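Note that the chains are named A, B, C, D, E and F in the order they appear, and that numbering of residues resets to 1 at the start of each chain.
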């Protein structure tokens, strides 16, 4: 059905080493990450033909970002080399009661400064069967909101499947702005992905009884969220991640898939968190893989949740796991016994 | 009410990297720490005007110790540059059933070799409103015991508030010597701070039913300890930390504040320990801050315990947290969710 | 009763740093390890006169392997410097639901290519009172299976105590081959050591009701395994490790010793795993020490399990603990409180 | 004569570790640096009362920049906490024929976005006896050029000594813009500092016969440059650094001081370069120290060159040397023999 | 003219960190390298369409080797996933009079165990315009010698340009075996590349007056070597690297190109060596680039030597430089001045 | 002729990483070293039966020091486990004009606090054929000066060869004290080893025309020093190291051996210094090896100088080289070409 194209911003990710506070020592771990890039890497790791589109400056940092994607076999040939800077974010891993923190320095990045005319979607969509973006991309600039709209219209013309992870970021826009923009894009989306808060923050649809900070989830309430989302926007599938955070080291993790008819809940994993950033993206990657390969709904949500469970054990935004490893966990081997 | 002065020994702290056994690899993490210095750093981090007094040799190690304090804004201008060596201690982080170990090489340090005449307390106490020391300082030498006495007499003359963390160290002196010396200093102390064992070891006042090694604490028994301490020495406040150690990675942590009338217990935190050394000092730092800023007793103990809870998630003796972070935890956000 | 000689393969162990996936970064931690070498190191650490026998190439890697053993005081003077390469294995530490993995590159190693005639057992056994090997050694080559047989016959002639850890490795041989070879060696063995799976895989003796992957152990079923082993091969003692794996970070760990008459179960430790590889060998090392020093059965199994409990908190194959540390844990101090 | 105030931009400096190409590995060395901050650190290290003024965002990176200055005892109390980001630059150390490279990402930094009204120079200049800035500061924005003008006028009113390092940066402005702006500031400057190229690029005054890239310097030609600078702007002193670059590891380094009457050349050092970035600033720091302390001209230029010679042996922008170390080198001990 | 395909063995390269002796510490730097892979990376970095062919086991190490090539944009789609192991080599960087050492553990690698039938050259050569291999490949096994012959015959049929770096390795074969095999392959080669020793060791053609160990090169003698090589095998071009080694840190480096008519000598670089391994391959990469893009002979040899000069400043086998960087050095900027 | 015993102090050596200034970062490289221990390691590396005697505290640091010696096969069984602390020293590597510095914290170490009665020399000297110490040992305490005298008397009784490296340390004693003590020990010494300054500082015998700081050595003047030493104390051999220091990275290095009849000068090496500390000890190790194995004088001095030349390329006090490597350099291979 053609390759998968994801579109968004990839940034230089700078993390303090060894669980230290930011700049407690003079070492930073430098990798790259970004919602849609993370999804592309997941899909390439599962053997899919995945391409990634963004804008990157023509300097050594832009090139290193591209190389980091090529490493996993992601097709980077569509990337535009323009603009002045790559966005940056600083990550400090939390521990126990101390939360992880992410500090962004992404303004005026190459992709945020791009214009709709920079993108020729009919050409970019050649051989593309699936298009994925997140709510971060239209939040970066008015131009990018328009560019997303252009992309969706082109995708619609070409019958390309579209998935969107709502991914609300409060430091990028208000819930009002998010709702205005996103509700205009949703009608072109087939698969809507959200976490416990997104549907409320982005589209104003709320799970009753949810208490995200408190660590307790009203799993059943999410059924009605999904139903309402489908009623409002006509999604074919709604995938929701369900995280309850005990502390920075311990999270419970599960997911729900609604196929327009029924809600399927996955197994819940008690996760010892190694690196939580990118966890939602690895769910998207798993869900897109499973839906594209026509898994049954229960299998699909189990695959997406097992994939993203494993991501929490891996440093960096990218989910460095194989299909075999996800399958092995899905089939129930979660005891972590040594594999020789 | 003037600045806060803390007085004691700061040492070079050498820790094996990455949780390894000492000298398992050829790398040591070199930082600085010491009970009263740790308190000064906490207070400077909360925005207080904090100064630290000690003796340090006039070499690169002494200078580095000073620099490490100036980094946090601690006033180091009172420090005496004299003596031949800085004390050293080696830390090996425990894991699971293997305990953390601390090996001291602190004999003959600059401060331990100092003489009472080296300190002109009337001058040192200019602009000082609060004086803090721990039971470690008088334990280092007979001279230092006398110096502490001199300091307390001067503080008394100047109506300076005095806090003392009993901090018994069995490799520095016997319980008999501790009791003799410390009971002579206590009458000048307004705020007495202790852990589960100190009151017994230093002053012979014991919580009945306590079983420190076994991980079970008779919280109620500490009320009577506090009451007895106040009866014996006339303290205005008694703060006690309550740790139950499940294993080297998991501790439960709480505190109690007795204000002469009533005992206030804090919330209990289930802590995943990152670095436990300096935990008690961060409690002192929090409690001094709260009392100096006239928090209500319940708020004060919650602040001190939240502050020290966070310290357990941070490497090194110093509690690298802001007022905002302590307040955020105090207000109940203990789930460690990512802050973006 | 003479020194302890262990015989087998020591390999270069290459582990990804900081819990990363293999080659996620460009750093590998290089140490050495191997079942019998690990046992020799344990015994030397307890003060025993321990020697280790293997073949190592006459290059810098072979020399470094020897040095790594001499570091602990293991006698390496019997080691044959011959052959072309040292075996290598790559370790990736698991986390949460992601298992640890071990990838071997050990074919054609110096010891695997050795011939029975390379070993003059009557000479090698001078001053030896105890001989230890594992099921890995005869699995490495037909020649080594014969060499083991030669060794056992010589040991028998010289009344040397023999212990064997069955240690089944499915990538070295089939259960059929293992059974054929091992059942021919067992009659010369006095102390048989096994984990939950070995007796079944190597000798076809199975604990009913065991569910190794599921994390639940039928402890009682192991009694009959031990009894049957003794019936079949006349062992004086059978030691069995009992691991239930909750996830890669959390294991429950205990052991059983059968002395031909009765089964003694140890206390169970809830372990936060730091490095699991070498855990079984540290049990063997502890058990051999205890039996050689004629501990009572309950004490012996407690010592072996406490020793191996501590190993799980230490990086690398070698169990870097002293007799004092094992004794301290055995006596019940498992709370991990700081030792100053 | 009062403290020394320097004013400019401090940035987060990110350098690839171990001489690797940028992002060749995933580790970056994170420190802070910037022309005027580097000068303040030098002066504080020599025991001067040095303060630094800039704008920094109210986040963890801004705080860490401040802490890095406090570490050396620089007074940071004047720094404005405003703006959104701290500028960043990436450093890759050169080797042999491969040059070092510096990639800036400094646009829209807190100080570049500041407005002239943010600075109350009469207040800022309390207790100030010397003011230092570089040509980088006015190049950052039109506002900052005005702010510099305001500062110089205030300094003039208060009879504050002013030094300026021309420091031309071609990626910040054209030589035309530089000349327009800088020639308006120069009349208020007492000490002008430049490298081999600056006088030409910034003020259009050129040393004949210079061949900077070729590694040969026409030392004598710099006399006429200095004379012409003094004629044009009335400087009291002109200090010029003279670098000839053999390759990235080997530089010859000297300096010249013109006091309006005569030119004094320093000894030339054959330097093995450890880290070249910040070399010019360490010359400024040394020269300001020497002139402020009324060294004779020959001594002054020897001090400045010895100080900056040592900087080339130290990693990071800051010159971590003491007065004693500079004096020792000045007095001729350049053989690098071990000091015990 | 179609893409460039290189064929050979890529290995896991394990180097002691920080210039230490092998296993002096427990850290190894793990990268990948191999003569022909190194050439492919150089060419991809210059913007050429480069593919690499080898066999790699279907495990995490084989995958990581592929990823390390994809990182640079090398086409790895032709690589055969078969065999049991990837070859390994250990590198210890020399210093001063202590030479660098390379210890190989490459026997029985996937590519060494491959069979001629594994390779369908007519298919592999689709779209290929240039084929490159080195003398290492046929030295690895008799099968590979045959496979190389097959490749050359196919290349000949398809009019593909062929280059070969003689690259004699004394631990792989004798000079007699090398001569027998290589002289049978040379008639199909258009561009022959050699260092100071290869022509003699591999083909028995010697530069008179050469004294490789002594550090003095009879540059003129290499002209006759090239002439004789062309006479014997009909090469279109002969490229020879000319290294004189002062010590492990200092090498002089130049090259010569003979185009059948005339010998062109490059400029000589005095190199401070950062990592010497892969230096010859970077010369091949540069020469192939220059010849493929029809540089004039003098320009071609200057390009190849400048490219390989830069390689000596970069860690790892791969030459991480851009076309712009090579051109900049070629044009004479060898002083290593900071590029801002 | 029996084993070689060396006697002195081994210390914990803490060096800033990566050529940084001490405590510039938070990492220290922890190894062990000390004059006589370094000699023992050299000798063990050459295959000699070498033992080392000192006192070490019964803690983890003392044990690690022992382990670090066992690693090389040094016999540590004579070491006394007593005393409270191990001496420590901090090393900062110099660069260019910045000298290396060594900061000692060795007072009150276990060996410095030892008493003459702690050593039973008749027993310690069993099987000993050669005894080596340095001028550091008697300088550590009056007790140790007596202990050295006791040792020499016992050695004399047993006809044990004695070598002594004068090794003057100005921070341990005055030249007057050194002369008084050392001149009483010299009559029992057979092989006297010194650097350019020692004979003057310790025994008052000076090479005329020497200018140690200036980098120029009057090689011929050392002949008369050696002759005078022999006249005064009757040494059989005098070995003198000749270092001229260009800068911290570049030293010229040679040696002279006087056999009572004639002076033999070695080749001079132009050394790029990696780590200079321990250089003199590696000369002693080489010279003792050569004399014990009855090398001809010219060969002996060449061996000692080649051995110590190589030491300068190796991090840490210990000379990690084999006999083969020293021989290879002696035979003239000093070009540092890659050894494959």
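Basically, contacts are C-beta pairs under 8 Å (C-beta built on N, C-alpha and C of every residue); 3 or more make two chains touch, one makes a residue touch a chain.
Since the structure is predicted, the reported quantities are computational estimates derived from the model, not experimental observations.
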item	value
Farthest-lying chain, centroid of Cα atoms versus that of chain E	B
Of A-F and B-C, whichever chain pair has more C-beta contact pairs	B-C
CA centroid of chain A to CA centroid of chain C, Å	44
Whole-Å gap between the CA centroids of chain B and chain E	62
Approximate Å spacing (C-alpha centroids) for the pair chain B, chain D	42
Interface hub residues of chain B, defined as touching at least two other chains	18, 21, 26, 101
Contact footprint of chain B on chain C as seen in their complex	18, 269-274, 309-310, 312-316, 320-321, 325, 329, 333-340
Complex contacts: residues of chain C adjacent to chain D	25-26
Of chain D, residues touching chain E in the complex	18-21, 24, 94-102, 104, 169-171, 212-215, 245-250, 276-277
Chain C - residues contacting chain E, complex	14, 17, 21-23, 26-31, 59-61, 64, 84-85, 88, 90, 92, 101, 103, 105, 107-108
Sites on chain C touched by chain F in the complex	67-68, 70-73
